[in-house]
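This report concerns only the one structure given below.
Chain naming follows the written order as A, B, C, D and E, and within any one chain the residues start at number 1.
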Amino acid sequence: MRTEPGLSRAAERRLRFAAFALLLLLWWGLALVLHSDVLPTPAAVWERLWAHAVSGELWRHLGATLARVAASFLIAMLVGTAIGILLGGSRRLDVFFDGWLVLGLNIPALVTIILCYVWFGLNDAAAVLAVAANKIPTVVVTVREGARAVDRELLAVATAFRVPPLRRLTRVYLPQLLPYLFASARSGLSLIWKIVLVVELLGRPNGIGFRLNAFFQFFDIAGILAYTLAFAAVVLAVEAWLLRPLERRLLGWRA
Amino acid sequence: MSGGGLSVELQAKYWPGSDVPVLAGLRLDVAAGEFLCLVGPSGCGKSTLLAAIAGLDADFLGRIDAPPERGMLFQTPRLMPWLTVRDNLALVLADGRCSPAAEALLDAMEIPPALLDRYPGQLSGGQQRRVALARAFAVRPRLLLLDEPFVSLDAPVAQRLRELLLEHWMRERPTVLFVTHDLDEALALGDRIVFLGGRPAGIVLELVLSEPRPRAPEAVWRLRRQLLSTHPELLSGRVIPDPETPRP
Amino acid sequence: TATALETVRVGFQQSGTVQWELQLMQELGLAEREGVRLELVPLATKDATHIALQGGAVDVVVDDWLWVSRARDEGRPYTCVTHSLAAGALYARPDSGITRLADLAGKKLGVAGGAVDKSWLLLRAYAQKTLGVDLAQQVEPQYGAPPLLNQLALRGELPAVLNYWNYGARLSAAGFREVISMRTVLTGLGAPPGLPVIAWVFPDEFAAQHGETLRGFLRASRAAKQALATDDAVWERLRPLMQAANDTEFRSLRDTYRQGIPQHVGPQDALTASRIFALLARLGGEALVGRGTTLATGTFWTGYAD
Amino acid sequence: MRTEPGLSRAAERRLRFAAFALLLLLWWGLALVLHSDVLPTPAAVWERLWAHAVSGELWRHLGATLARVAASFLIAMLVGTAIGILLGGSRRLDVFFDGWLVLGLNIPALVTIILCYVWFGLNDAAAVLAVAANKIPTVVVTVREGARAVDRELLAVATAFRVPPLRRLTRVYLPQLLPYLFASARSGLSLIWKIVLVVELLGRPNGIGFRLNAFFQFFDIAGILAYTLAFAAVVLAVEAWLLRPLERRLLGWRA
Amino acid sequence: MSGGGLSVELQAKYWPGSDVPVLAGLRLDVAAGEFLCLVGPSGCGKSTLLAAIAGLDADFLGRIDAPPERGMLFQTPRLMPWLTVRDNLALVLADGRCSPAAEALLDAMEIPPALLDRYPGQLSGGQQRRVALARAFAVRPRLLLLDEPFVSLDAPVAQRLRELLLEHWMRERPTVLFVTHDLDEALALGDRIVFLGGRPAGIVLELVLSEPRPRAPEAVWRLRRQLLSTHPELLSGRVIPDPETPRP
């Protein structure tokens, strides 16, 4: 709970590398000790990844999944944030929709997915809709907490100076929601990817979820891990090249 | 009421859960361009009144007419911590950009250009207060609400800022509501001083000052002596009354 | 005495068809009669049965022999004994005008199990052979979970579905037409009759150590099958399990099930399976059969025949 | 984005009731219009619920699921909060474990579940562990954002006055994390319940997830909705009798 | 150094990203029980120095020895908004409970008992400041760090609190570091006044005051005149110099 002196960029990179190396080592060690198909070695997974990358199959499935994840993510974040701000800002709306929200949160993915597929057909639009519908309530809940915690004294400044609504939103309101939005985006991306897996399992002819199921049928954990890691690598890249720089820019004032 | 003047008819302002209003029976008319000082004990309701006038709190009985073009200095600086000094000013300006005029204002407040790209958290208390003051001036308001603007500043800077405020007021002629605990400051600046007091608080005394500004220290001192002779209670407890009038 | 009974833990999918036979074995005391105590472990999905077997929580599950062969290739020594020959079929809506494979051209086709599903691959091979077309190009395949496909077909959004037999039975009962059965497809492709579809799967080690118990269990299974094949009364007992919507569906399920009961179980199964393996390996490639090029030796257990 | 005058308790109850009634009405109307098995009427679902409640089956499955949800929830919140505070408080630890966290977030539930079941056997301990392992990273991510946003000026007060560590934690640190903890608890409960469904799907002989799959096999949406609503009712009760009163007590100062 | 005294040897304090230190070459020894006033222009580094002494900022070159039993009043009240007035005091007290002594202190600060169960957000600016002051006193520290304690208070209350502070100091004899912009205040209270200034800031002047306390207003006025005659720049810009010494 105390602030430490800052880390240089180089030191940060070294730390990240060390963490990665340690993880690899732990995994490898464990895999060798256990010596079971349930935990293949990094080498086995890498080999599988490589084979699928070369054959092009990896890219096809990864691409399909990423497209679905991206579309659902954008929809869920936009809609969820808007609703969250509304509910957090108005006690009346909040009380009214609170029960709906709890229901929305707790409807199993399976139900939304089935309903979307049955109503809108076995297509990507239905898939994306189902995933977004699953994620929106959790964005709402997080953003709503943020909106409730917004500093009223600072809002009063904007009111007193009659700051126009859009500017008030972007420069007074949203900056306070940022930690909540980042939390929501990070856990959201992972949740969405997990739901996309289920959606693909139940009714898409491609994507990692589809592929994973085939691996799973044959208990091919190396294959499962290979595709999982391929997706994780993408998320790590998004973290490093999008979320972290954004965070540095937007939340740099806290440093 | 129109044209920058202010009319307050506050029958009562209650805080939730309290039976006694903080403010009651308060009638105040301020002419356009008037410089009004508000003085009263801590906790009597000065900031509450300012918030009501600024339209930040509509939960009172009564009616307030105030021009919409407001500049306000809150009792605490209330800068957006995530905006640089420059962007804090830009936030309230009409076109959303920090104009050269606004930067000149910061300069006049003795905020060197090097501080323009700093965040409020990297400023000293007095620097933050000056930025907040510049923000209130920068919008060139018709109504300027100032809640103890010159505390937390060293004497020379405070004095220069008082002069700046007077210049600004004489040039632009906004209606000014100036809350202060420093009677001398009120006497040096105002067209009129309104003393608040009592429970619930209301106006206990009004003093019209017709001397031209800037007022020389001697003039202020004379006013203070006059006032003290008729209302000795107002100055009780000041560390430095002028030497001729030792404290009771 | 009761303590002398050895236990066989069987993992099965609760909503599936395997539990009909297991239920009957238990109700009629068939296992006990063979000196085996049956412990039924109901699980929600087929995946769950895999995990249970892999984790050693059960001794026997039901799966297809292809899975066993592939597992053996990967160094996981499981083996199996044929359980059922019942295979799926291609079903079409009565109003779809689809009566032959050729009528599918340009239409949507629901395919259970995905792009590398065995039935789908075999059907494509059959279409190639008989019509000279690639079905995957001709139709708009819609891959999805079996119940979902059924529902979409019943709602009229899919004119035809390739589904497993127990789902197909429900479609038949709803008036759907069986366009072509997998049995016909297999014969058309030159496969010998009596190809096993799914089998009792268990670890080599279990078979080696508890051979007698296992044989007892398999004999009990045969007895149950016998009853199911001949005795309509036992089906009435199973009726609550089957969740048939009406009598037609009930009969349809019963009759299809009976057709899938193998006459004999024994060494000939391995032979039949290895003939079809080559075909599947060619059609599905590694994604389907794994790295093996022929049926792994020992896929079918030689310790039991009837 | 403006504060409204407060709502009385009675008005709040009326609003909640109205929201519930409206939802029911909408559902009923839609069900009647669509007239399909995919969306049964509330009456049909209620009837199903009643039948299962009377037969006792509902309670058996609901009880099993609730026990798993409760255990996983407690573990995940405790462990996740502790790790989140550590990472949010120390830049060095944060940088080091950041990659691990991203991996942890994005490992599909399937993988953890398989590993737990295979290593620890098909038992409830393994199930609970698998669920907690899935949820912990999302708690960490949310709490970490909160810990990063903690007001350093207020912490400085505690340091200057040498407030003992435990008191510093409970009275200076945690109050600032509360909105994040509430967000995490609310979306967490729903996420955990969804993972519990999968866990039950993959290796438990009881619980709602186990039951739901059977319904799905026969496309019995009324059954699915009946069990879903039974769980949602429990969550609504937890909201009304635990979370909301807690929130009123702990965050009342904001009113 | 031991026994409540304070020794500061600050070679340099840099802010990240700046080449010029804020503070440099600052040596300060304060005897146990001494009452030291710090005066200096806004932004010179007074709060920075206090933070370093309080152990809140270890990122400087040099060495500071200070007793660990500290009470501090920050430039802003910094009360925990989620704790009531009572709990805010309880937070810093040894046993975690608000003692009768602490409540008596609040009473002496003119915080009526009705406010004890309020949250800080329901207090006026001056009330918050007084609660923060009570918090600093309540821990009965050996070192009391006060950053402009009496701003935002009306004159009578401020004066009563000054008296309270002196009483407290005379009774308990903590070492006091008192930052203020009000020279008169410093002259009325301190054993010694240290003037900070320059860039980087250091000590520009030290003034030892041996007059006993409480000092009568006349005494303060005499001190001011003495100081002004030798260092006229210090008082430049004050609104109310005493009448005999009109501003330059």
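Throughout what follows, a residue touches a chain if its C-beta (ideal position, glycine included) is under 8 Å from a C-beta of that chain, and two chains touch if they have at least 3 such contacts.
Everything numeric here is computed off the predicted structure, so don't read it as measured data.
Note on connectivity: the fewest steps through touching chains from chain A to chain B is 1. Judged by contacting C-beta pairs, the busier of the interfaces C-D and D-E is C-D. A straight line joining the Cα centres of chain A and chain D is 17 Å long. Centroids of chain D and chain E (each the mean of its C-alpha atoms) stand 49 Å apart.
Averaged C-alpha coordinates put the centre of chain A at 38 Å from the centre of chain C.
Rounded to a whole number, the gap between the C-alpha centres of chain B and chain E is 25 angstrom. In chain A, the residues that touch at least two other chains are 6, 38, 114, 118, 159, 216, 251. Among the residues of chain B, those touching two or more other chains are numbered 76. Residue numbers of chain C whose C-beta contacts span two or more other chains: 47, 54, 145, 148, 151, 155.
Of all the residues in chain B, the ones that touch chain A in their complex are 51, 54-56, 68-72, 74, 76, 78, 80-83, 87, 91-92, 96, 119, 121, 135, 139, 145. By the touch criterion given at the top, residues 36-38, 113-114, 117-119, 121-122, 200-205, 209-210, 213-214, 216-219 of chain D touch chain C in their complex.
The residues of chain C lying in touch with chain D in their complex are 14-16, 41-45, 47-48, 51-52, 54-57, 145-148, 150-151, 155, 243. On the side of chain A, the complex with chain B involves touching residues 153-154, 156-163, 167, 171-172, 175, 250-251, 253.
In the complex of the two chains, the chain B residues touching chain E come out as 15, 39-43, 45-48, 75-76, 122-127, 130, 147-148, 151-160, 162, 181-185, 188, 216-218, 220-221, 224, 235-244, 246-247.
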